[in-house]
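Chain IDs A, B and C follow the sequence of writing; residue 1 opens each chain.
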C-alpha cells in the first residue's frame, strides 16, 4: 500500500507553491525596479535640458542659473514651515501624551490626524482665499515697524501672497506628521524613568525634561526630517498661495518660487526643451527629498538600539 | 489504519548546532508512547522531526532515517506536505482558525486542500471526528459558531478532531495539556486512551504522572548541559521506566531528584 | 472620654502651604480677558486679537503670581503647561478655519442646481458674467471631475493592491530578513517620501518614452497615483500579516496544507480586516492628490469615460484650475464658488473613506462570539 504513498506528490499543489512564491518575489522586485525606473526615466528625459546650450533654457543663462534660485526658494519655504511647525507640534504631542485627561487622549489624537486628512489643494485654496487676505495687514505692520530687517523689507504685498504665507500653510500641513510621530515616541517613554523622576519630587515639566525629551530626541529629529521632506515636495500649498517671481530676501513681498510649484504651473502647457527643463528640476527635487528621507530613516534605525525601551 | 515508526540514528541540526544526537527508537502501531525529560532536552525538537515540521524553521535539518511502516520520510522525492497529511500534530496551545466556524475547523484539512467532498460526506466526517474527539455532544448544536468561542479544553479537543478528520496514521501531541486546567486535562487523557485503538499516538509531556497514566511505553530524553545536544537515555515499558529503570539518570528524573 | 476632632480646614498642614489657591487660574483668566478687551478697544477690536492678547496676559499673570507664591520650579511648570495647552489651541485654529471656510464657501456651490450632475462642457466666461450680473444661479458642475476621480483612483487601486499585497506577503512569509527583503523594506520606506509631483513626472516620462511624447490620459495619472499608493499598502499589509500568530500557520502545515494555500486561506483571511482598512486609508490619501494628475492627465472640461484616451478631469485639479484660471477672469466669483463646492465634496469623500476604513477594521475582525 505504501511504496509510492509518500512520494506521490500532489502535482498541482507543489507547482502552486512555486508559482505563488514566484509571484510574491516578482512583486517585491517590481518595487525596486519602479524606484530604479523613476530615477532612470527622469534622468533620460532631463538630459536634453542639462546638456543644452545656455541660451535655450528659460532665463537664457543655462540650467544651473535657472534652478538655483528656485532651490533656494524651496529651502526658504521649508525652513519657514519647520520653524513654525516644530515647536507647536512638540507641544501638541506633549499635550496629548502627558497633559490631556486620559479619556480624551485618543480622541484628541484623532482630531490632529484630521489635519492630515485634508487634501493639500484645499489647504492651498484656504491659503489663497482666506489666510493671505487676513494676514496682509500684519505684513504692512511688519514692513512699517521692522522693515530694517532684510526679511521684512517693504513694500509689503497687498494680496498677502508671499512666501511667508505659503510657509505658514506648509507649516499647517507638516504639523500632523511631526505631531503623530512625536506622540508615538513620547508614549513609548519607559514608565520606569518617568516614575523615577516623579519619585524624586520633580514637577511634571521637570519629569518631561529629565525622562521624556532625552529619550525622544532621536525620534523627534527623525520626525522633523520627515516633515522637512514633505515640506520640500509640497506643491499645491505653494502653487495656489505664492505669487511667484525672482528670488528676493523679503518674506513679505511677492516673489520667490519653489521647484514643485514651478513644475506644476508650467508643465501642462510646456513642450520641447521646456519639458526637459522641468523634468530636470523634478530630478533635483527627487534627489534632495531622497537624501533627507534617507537620513531621517538612518537616524531612527541607528538609535533604535539605544532607545532604552527594552 | 495506523503504522509503526522506526527511527534510525537520527541527528537534528539547527544550522551547524547539533540539537538532538543519535536517536534510535521503535514505536509500535496503535500504541501510546510518551517522551519525557527536563526542559530543553530536545524532546519537542525530536517530535517535530517525525512529521518534518522542524523544516518550517529555516536552517533546520536532519541526518538519519525515520521509517513509517518501512517508508523513509526523508527519502529522495518525498514531499513534506504528504508526510504531514499522514502524520498529524496537536500543539501546546489550542489554535483553531479564528475565521472559521467549528464545522469548518474540523473540515479544514480537507477544505484547505481543495479536496472535493459532498455536503453529506462532510457532515458524516464532522460528526465522526467530533465524536472521536469526545466533543460532539457539547457542540453539535452550534457547529456554525466560531471555533474561538469555546473554552480552552474544548478548543484543544477541536484541534484533535481537526487532526483526526484528515485520517492520519499517527498523531503527534506536543504537550497538549500544559495550557489546560485539570478537568480538561483529564478529558484529553481519557480521549488519548480511546484514540490508541485507531491511531499511533506519540505525546511529549513534562508531567510524569500524565505519562504514567496514559502511555504504554515511555522514552526518557536528557541533556548533559546547555549547548550540548539532547539524547535518548532510556526507552521501555512505562511500568518499568517508572518503577525499575535501568539507567541511573532515568531513576533520578522520575523520582524527582532533578528536572 | 470624648475625643475632639480638630476640623481639617483650620490646620495648615506642612504639605499644603506655599501653594496658589485653587481658584487662581480662573481669577487670572477673568482678569486677562477683561484687560485684553480693554487693550483691544484701544487699537481696534477683533476677536482673534482679543484671544491672543488675553492668552499672553493670562500666561504672564499666572506665571508671575506662581513665581511669587510657589517658587520658580512650580512657576516653570505652570509656564510649560501654558505653552503646551497653548500650542494645542494654536494647532486647532487652522483646522477650524479651514473647515469653516470650506463649509461657508462650499455649501452655496453644492446647492446650485445641477452641480453634481453636469460638467463644465460649454460653460464659458459669458455664462459666469451673466450669473454675477443678473443674480442667476451659477452654471456648471463637477460631474466630470467626480467621474474622473473615481476612474483614476479605481485604476490606481487595481494596480497597487496586488503589487503591494504580494510584496508584503513576500516580506513576511518568504523573505525572512534576507538581503533582498531588507533592501525592499528600505526602498519602500524611501518611496513613502517621494514628492507627489515627482511621482507624476515619472509616470509622464515613462509614458512619453514608451508610448509617445505628450501622452496624457487618465491611465498615466493612475500609474502616478500607484507610485504613491504602493508603499502605503505594503507597510500596512505587512503590519497586519505580522500580527497573525505563527501557531495558525503551523496548525495548517501540520494538517498537510501547502504554504501557498495556508497563506491564501488562513493567513490572509485572518488579516483581511486590517489589510482592507489599510487599503481604504491609502485610497483616502491619494484621492486628494493634485500635482500628479495635473502633469499626467491635464484637465478637461467635459466628461471622459475612457481612462486610456485623452485628458481627464478630477476633483483636485478642478479646484486648482478654477481658482488659478477662473472661467471668467473679470468675474472670478462663480469659479470660486464652484471650486469651494468641489472642495467640500472632496473633503466629505475623504472623511467617508476614513470612517469606512475604521468600520471595516471593526466589522471584519475575526469574531470571538460564543
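Note that in this section a contact is a pair of C-beta atoms (placed from the backbone, for glycine too) under 8 Å apart; a residue touches a chain by one contact, two chains touch by 3 or more.
Keep in mind that what you see is a predicted model, and the values were worked out from it rather than measured.
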**Q.** Chain whose Cα centroid lies at the greatest distance from that of chain C
**A.** B
Q: Could you find the two chains linked by the most C-beta contact pairs?
A: A-C
Q) chain A to chain B: how many Å between their CA centres? A) 55
Q: Provide the C-alpha centroid distance between chain A and chain C, rounded to the nearest whole angstrom.
A: 14
Q. What whole-number Å value describes the gap between the mean CA coordinates of chain B and chain C?
A. 52
Q) Using the touch rule from the top of the page, what residues of chain B touch 2 or more other chains? A) 81-83, 86, 113
Q | Junction residues of chain A - those touching two or more other chains | A | 13-14
Q.
Where in chain C do residues touch two or more of the other chains?
A. 258, 261
Q.
Touching residues of chain A toward chain C in the complex: what are they?
A. 13-14, 16-17, 19-21, 23-32, 34-35, 37-38, 41-42, 44-45, 87-92, 94-96, 99-100, 108, 111-112, 114-115, 117-126, 128-131, 172, 175, 179, 203-206, 208, 226, 229-230, 232-236, 239-240, 260, 263-264, 267-268, 271, 275, 278-279, 282, 285-286, 289-290, 292-294, 297
Q: State the interface residues of chain C toward chain B in the complex, per the touch definition above.
A: 176, 245, 247-258, 261-262, 265-266, 269-270, 366-370
(Q) Give the list of chain C residues in touch with chain A in this complex. (A) 73-74, 76-77, 79-81, 83-88, 90-92, 94-95, 97-98, 101-102, 105, 162-167, 169-171, 173-175, 180-181, 183-184, 186-199, 201-202, 204-206, 208-209, 213-214, 227, 230, 234, 258-261, 263-264, 284, 287-291, 294-295, 298-299, 316, 319-320, 323-324, 336, 339-340, 343, 346-347, 350-351, 354
(Q) Under the definition above, what is the set of chain B residues touching chain C in their complex? (A) 51, 53, 56, 58, 81-86, 88-89, 91, 93, 95-99, 108-109, 111-114, 145-146, 148-149, 159, 162-163, 166
